[in-house]
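Residue numbering begins at 1 within each chain, and the chains themselves are lettered A, B, C and D in the order written.
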Amino acid sequence: MNGTNRGPQDLIKLTHDKLSADAVSDAVLCPSCGAVSMFIGTTRNSFEGKKVIQLEYEAYVSMAESELKKIFKSIREKWSTVQHICVHHRLGVVPVSEASVIIGISSPHRTESLEAVQYCINALKSTVPIWKKEIYEMDVKTNSGILQTCAEVCR
Amino acid sequence: MNGTNRGPQDLIKLTHDKLSADAVSDAVLCPSCGAVSMFIGTTRNSFEGKKVIQLEYEAYVSMAESELKKIFKSIREKWSTVQHICVHHRLGVVPVSEASVIIGISSPHRTESLEAVQYCINALKSTVPIWKKEIYEMDVKTNSGILQTCAEVCR
Amino acid sequence: MNTEILVLYFARSAEITGLRSEHISVPQVLTSLQLWEELVRRHPRLCVLREQVILAVRQEYVVLGNQPVILQSGDEVAVIPPLSGG
Amino acid sequence: MNTEILVLYFARSAEITGLRSEHISVPQVLTSLQLWEELVRRHPRLCVLREQVILAVRQEYVVLGNQPVILQSGDEVAVIPPLSGG
């Protein structure tokens, strides 16, 4: 795949499987590009001071894909030398420290892909219909020593 | 390694081995961070219109490491919430499409690591004593059908 | 005249209604706010989302207001609480 | 008074001199430009790099000019052609 020059690729995957940085970087590599920029969103162990055990993601899948395609289109309008764009977003349960999203963008020179990745994650967060729910660990002391979980919708 | 909160890590590797995006992203992952930003520099198949077969990198290793540490220090001064910083740079022969450098930076929120990666690759290119040499394929027609290579120092 | 549409509920709206989707009958032409109020009439507890929610009609975002929405049989309408992907 | 230092050659300067490193004897105190000229005296073809090159003295960059350089026995001086890492 990397040995030949393909035309610009728009690659989207919404998956319940664990994500891989290598899979995304391999997908966007191309022989005429000198730069791949990536962003990896990972599950944090705290939110608003509460301890997070895991996150759960759901998506309006068909619309998420069409909104991502709109973002890709506008990236190509803004940075015309961008070559391949790949977004992998995980759905379902994501344990702490694992990746929920990986974005990879290749370009001949570094500035375009660096700027485009920054634009892509910001646009994704504001326009792609995906939601996360944090699963918290409740304070043990106030619950008679029983560990409970409490689901809340994250803003 | 990712299950515990370590203090901020400065990770540098100059190596003749093939680089791995997963190795760098794993090295900077941390449970209190929500963001890992990465930059991968790859070998392009052309330079100034000539076909590149491979690149060869050499480094002033001890000084490259000390210059990278200076860059890391100034990243931590500019973006105080940056957690781990990892730079892997390959030395020796790097075939077309393979990574010559991978930078990974983690931070609780995305803006810091995105900006810091951009700063890091720009600073690396201007201050770290590493050199690449492009190995070109000569134009077959002007060389009696014999494929020759010609080493030139890249600016 | 009424038409039957498919309503999809996501995130907090799915928790409140206890539903992922349902088929409902609504007027063919109404404002986006009236469409929302139709959903609240069926699931009164949705009202807590009033200030945060938008709709997606045939996979295009529509804010709640006086904007007219023209619906055809089988159209997909989604309740979109604040996004939090990434 | 002279002192013996270790000179490292990289990239194009290594190709020109045919050396990776050499020990040479130079004055203990001189300007960075004089230090460069000492290297050119030993390897005249280095002169093509004059406009592009800088030195590193004990792993700190020094541009060619009137800046004084104070050397001690065993100090490391490197010839630094334009960088191209990354």
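Just so we're on the same page, a contact is a pair of C-beta atoms (placed from the backbone, for glycine too) under 8 Å apart; a residue touches a chain by one contact, two chains touch by 3 or more.
Just so we're clear, the structure is a prediction, and the values are computed from it rather than from any experiment.
Visitor: Measure off the straight-line distance from the CA centroid of chain A to the CA centroid of chain B, and report it in whole Å.
Guide: Roughly 22 Å separates the two chain centres.
Visitor: What whole-Å value do you get for the distance between chain B and chain D if each is reduced to the mean of its CA atoms?
Guide: Inter-chain centre distance comes to 27 Å.
Visitor: Based only on mean CA positions, could you tell me how far chain C sits from chain D in angstrom?
Guide: 73
Visitor: When the centre of a chain is set as the mean of its C-alpha atoms, what distance in Å lies between chain A and chain D?
Guide: 48
Visitor: What positions in chain D touch 2 or more of the other chains?
Guide: Residues of chain D never touch two or more of the other chains.
Visitor: Quick one: which residues in chain A touch 2 or more of the other chains?
Guide: 41, 121 - these are the residues of chain A that touch more than one other chain.
Visitor: Quick one: do these chains touch in a line, a ring, a star, all-to-all (complete), or other?
Guide: Looks like a simple chain-to-chain line, open at both ends.
Visitor: Kindly provide every pair of chains that touch.
Guide: Result for touching pairs of chains: A-B, A-C, B-D.
Visitor: Please give the residue numbers of chain B that touch chain D in the complex, ascending.
Guide: Touching chain D from chain B are residues 41, 57-60, 62-64, 66, 89, 100-101, 121, 124-133, 153-155.
Visitor: Which residues of chain D touch chain B once you look at their complex with the stated criterion?
Guide: It is residues 8, 10-12, 15, 56, 59, 61, 78, 80-86 of chain D that touch chain B.
Visitor: Which residues of chain A touch chain B once you look at their complex with the stated criterion?
Guide: Of all residues in chain A, those touching chain B are 2-3, 20-22, 24-25, 29-46, 96-97, 99, 106, 108, 110, 114, 117-118, 121.
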